[in-house]
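Below, each structure is written out as structure tokens.
You will see two complexes here that share chain A, one where it goes with chain B and one where it goes with chain C.
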Partner chain A sequence: MSEIRLLDLIKPFQSVVPEVQLPYEKIIFDEKIVYTVAAAAIYLLLGLPVNGVDDSKIVDPFSWLRSGFGSRAGTFLEFGVFPAAFSAFFWQILAGKKLLKVDFSSPSDRRLFQTLQKITSFILGFVFAILLVFSDYFEPLDLFSKTEEGSLALTSPSVVAKSLIIVELTVSNAIVTLLIELLDKGYGFGPGILAYITASAATTLATSMFGLTTFVTSRGKESSGAFIQLGRNLFSSKSWTYAVYEAFTRNIGANLTQVYVAIAAFFATLYLSNCRYEISVKSTKVRGMSTVYPVKLLYCGALPVLFTFSILYFLNIVGFTLTKICANSKYIKYISLIGHWTLDAETKKTYNLDGGILYLISAAPSSSNLVLSIIRPFTFLFFVVMVSTYFGKIWPFMSGSAARGVAKMLKEQDITLVGRRDVAVAKELGKIISPASRSGALFSSAIVAFAECCGRCKGIAFSTCVGILAGLSIMEDIVSEWQQTGAAANSQFSQFLPTQ
Partner chain B sequence: MSSSIPGGAKTLSKRRANKENKLRQQKLNKPNSSRAAGAGGSSSSMLKIYTDEADGFKIDPLVVLIFAVAFIFSVVVLHVISKLTGKIF
Partner chain C sequence: MARKEKFTNAPVLFVKQGIQFIHKCKKPSQKEYLQLVRAVGIGFLMMGVVGYLIKLIHIPIRYLIV
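Then we have the complex of A and B:
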């Protein structure tokens, strides 16, 4: 231990970082359901506007990225689960690549590694909050009194108000991290990140279809749900053709095109998630016991798409805030190569990317540059599919669920493949698992990217696909608990759930 | 009288090569994630972070929930105050 590792630098912080206790005894099924529902409800309750921020007047450049991370503009879920997810991906891939020295066989190292991820999540929330506040992101855009670039020229917001926003966002991010930890520690079902993404994706889809809330636009009042808006149009408009046309093409809120594309992507993903290859396995202890071990096509579930979009989200936050903060510096020429944002002229609710490197890997609608707007869909598809597939290739090895890990798990349970010798199990599994995880990542990301850039879904398709995949992962957790641990015997749910 | 070392390869260079190979193998076989090491952690389709109990400032799960609700409540109160007084600070 002569060298100093990054992990050792974390040690002093370990005693001050809040840590949810592991349950003393196994939490019973019903209690887990209660904890999961309560945590998800509290998570959704955090969607309150931050003090001093008018969340209906925020101009939000990240709207197409945020829905899949359970985040909402101008609220305490400004970042959603993004900081936790990003730090988890970042450190777990670094450790998996052995760029970060962690000895996972030692418990103390594992704990340090966990604390490192938690501290990173806290710090990311803090840093993003500072960046957003100082790029005037939280300044409501009111075109009568303020300039497009924010309120710098007219009213200078007080430092106290700014720091209050930073404190509130940092605390709420810490709460989200602890809520994630609560479910991860076994008090509830599923990994916390995926549970909150599912809850939030469900509300996003429901709101964009049947949302009853109204907001005021230049054309009068509009509903947030696409179907509700269609009904409103049919009642108020004189021409039915125009009413239907408008419901399919409106720019503020969700329109019917986006909703239908998202539903199509939903079913495509659902279909793919049911594709699996079944390997016959048998017990080495009990004669004649043979069953199948399914390897799903979407072996990595929602994670490849989530990983790609977390990179995009990170780049967009950093790029956007840098271009805003450095707007008056002399290096702005170089900084705007990262990306260039312009205010959406029609809705005034979002900044559209229309130039720079980030434009090429975004689902932005159009650009003033014709060449760029022609090649943009291809570069976006290419980027999303490549990064996701690469992730699908490496992730099984970083999560101990590649062929070797599965073979070890099967051996521990005294299970072997039918017609294979013990030594050949890992090799045989590898022939199925690695192509499955790679092509699964490719297909799922291609669906999302295609729906996003061709359907102009503004994140609805992304959140729907990620939501259904995350939900299925959690269902797996619930069903395996229900069937394997005898939870059915003493649960209230045994009255209406199949016990066997 | 030359006495060879009992067991293993005969020549020194081969012994060293064997040892190096063994070390390399060990390094290769080292787990690179907590699930690979036999503890809980991320699996193929689940991104888990916090599965071990670190020696931190321990809190009960209910405290987390109550703290979150208290935070939400205090924010609501702040909103009400700012509505009443017109603005904050």
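Then we have the complex of A and C:
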């Protein structure tokens, strides 16, 4: 015992923190699909409003960030998978930077590491819940009375109601974290975080096209689905051109422009994700067997963009709550340098960032400060692309998918590169993998950031891209399981999946 | 001075490498692409239907609890 590692401090908690048991036997293919869909359904069912909160009246400053994390304002999914994703990124990077000593080859260390991530996720959910509750986030605007200064008043719930909200959000976040663990431990197709992001993105897309729920706006009732709204317009409005025009441009709820942007993003992302560099490999055991090992352009998939936006989400939650909580303190001058939020005058559904440091790295529409609004798109683009590219550069080394890890894996499977000696395999792979992961991160983040920063995209580009890339990772997991275990023979799904 | 040059050269070199990589990449053929679109489309549709149904279930629950 030379020193006490941080990981060892977690050990006492290991027995206290709820944990998903590893499956006793290998789960068969069909069951895995059922588990995945059922878990996603449970996740989506959590999208009910928290007790004591009217989610249709919440003024939401994070709407452009939350779509890619499967979160919904004012519901049990207030944070979505964000705490789990953030803690996973955080600890994995610390471990990769050797700031946290983990021996990933030892099972007990791996378990401790998982517990550490889980506890961090629980704590993050708890802390965010406290921050949001005390920054009056859950208090709906009172549109009928005004305060002395003339701004809209807030209806304030009691202390009991506030603590109830905190408890509810903490517990629901714990449930989400455990649901993620369920898929990660081999009951379904994972990574769990990506599975729920996919489910949520697909749901968002489906409901923004055909959502039946109606809400009351200043112009009367409107449907949440863009196509439904188009139909409603065609029936109710006298002029057809106006009906179509309105369906494309409405500001509340999804409009048809956003739906078409999402569909275009769907096809573009799929095309980009299928670009790959093929290395010819051959087996060392069987002579004459040669195939290709594809290195994808989007080597890290959705992760670089997701990482950047999780940082933005974190900064925004902390910044927003700090400015609201400290609104009456004497240091507000300095704190408001972080960011300044104003109520969107038209919809009264969102706070827009319009100043401060966070404005520079946001996709907010406009600012009262002209200089800031001119440089904002550039700083936002720069920030997102830089952080994502840096992440794309370091992530393979941290997750063990860098050249050395791949070379080791190939060697275990008795595969070698054609025309290379064993020693040179890692070096040769490194020449391909690191540019791939870096430029993949560069391209995906540049597309997302560009789409977000011009026009009022409201996170649609981000959520679709991340949703599809996440879906592709899940798909890969499914397909590799399908091909390797020979599930094709005894599965109910054989008519849907390509058998090759 | 040399350091400065290195600093400005790095991004250019990086972008060059990226473009080079793209050129070397194998683009998906039409058949592959359609197959992928179909597979992902089915997955997305499945999840979309599940999510949509759950949204429909939400409507009565919301009426009950709010």
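Everything below uses one rule, namely that the second predicted complex is superposed on the first by the 479 of 500 C-alpha atoms of A that agree within 3 Å, B and C clash if a C-alpha of one lies under 4 Å from a C-alpha of the other, contacts with A are read in each partner's own complex, and residues count from 1 in each chain.
Note that in this section contacts are C-beta pairs under 8 Å (C-beta built on N, C-alpha and C of every residue); 3 or more make two chains touch, one makes a residue touch a chain.
Just so you know, these numbers come straight off a predicted model, no measurement behind them.
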Between chain B and chain C, more residues of chain A are touched by B
- Message: Let me test your reading of the model: by the given contact rule, A:L297 touches which partner, first (chain B), second (chain C), both or neither?
- Response: second
With both complexes superposed on chain A, which partner does A:R438 reach: first (chain B), second (chain C), both or neither? second
Classify the contacts of A:L131 with the two partner chains as first (chain B alone), second (chain C alone), both, or neither.
neither
- request: Mind working out whether A:A40 is in touch with chain B, chain C, both or neither, as first, second, both or neither?
  value: second
**OP:** Check the residue A:L22 against both partner chains and state whether it touches chain B (first), chain C (second), both, or neither.
**Re:** first
Query raised in the report: Does chain B (first) or chain C (second) touch A:L48, or do both, or does neither?
Result: both
Message: Which partner chains sit in contact with A:S172 here, chain B, chain C, both or neither? Use first/second/both/neither.
response: first
Determine, under the contact definition given at the top, whether A:C326 touches first (chain B), second (chain C), both, or neither. neither
After superposition on chain A, the chain A residues reached by both chain B and chain C are 45, 48-49, 51
Given the complex, residues on chain A that touch chain B span 14-23, 35, 38-39, 42, 45-46, 48-52, 76, 84-85, 87-89, 92, 95-98, 103-105, 107, 110-115, 117-118, 158, 160-161, 164, 168, 171-172, 175, 178-182, 184-187, 190-194, 296, 298-303, 306, 395-401, 405, 437, 469, 473, 476-477
Note: in the complex, chain B contacts chain A through residues 30-39, 41-61, 64-65, 67-69, 71-72, 75-76, 78-79, 82, 88-89
Seen from chain C, its contact residues with chain A in the complex are 14, 17-22, 24-28, 32-33, 35-37, 39-40, 42-52, 54-59, 61-62, 65-66
Counting only contacts in the complex, chain A reaches chain C at residues 37, 40-41, 44-45, 47-49, 51, 54, 198-200, 202-207, 210-213, 266-267, 270-271, 274-278, 297, 432, 435-436, 438-439, 442-443, 468, 471-472, 474-475, 479, 496-498
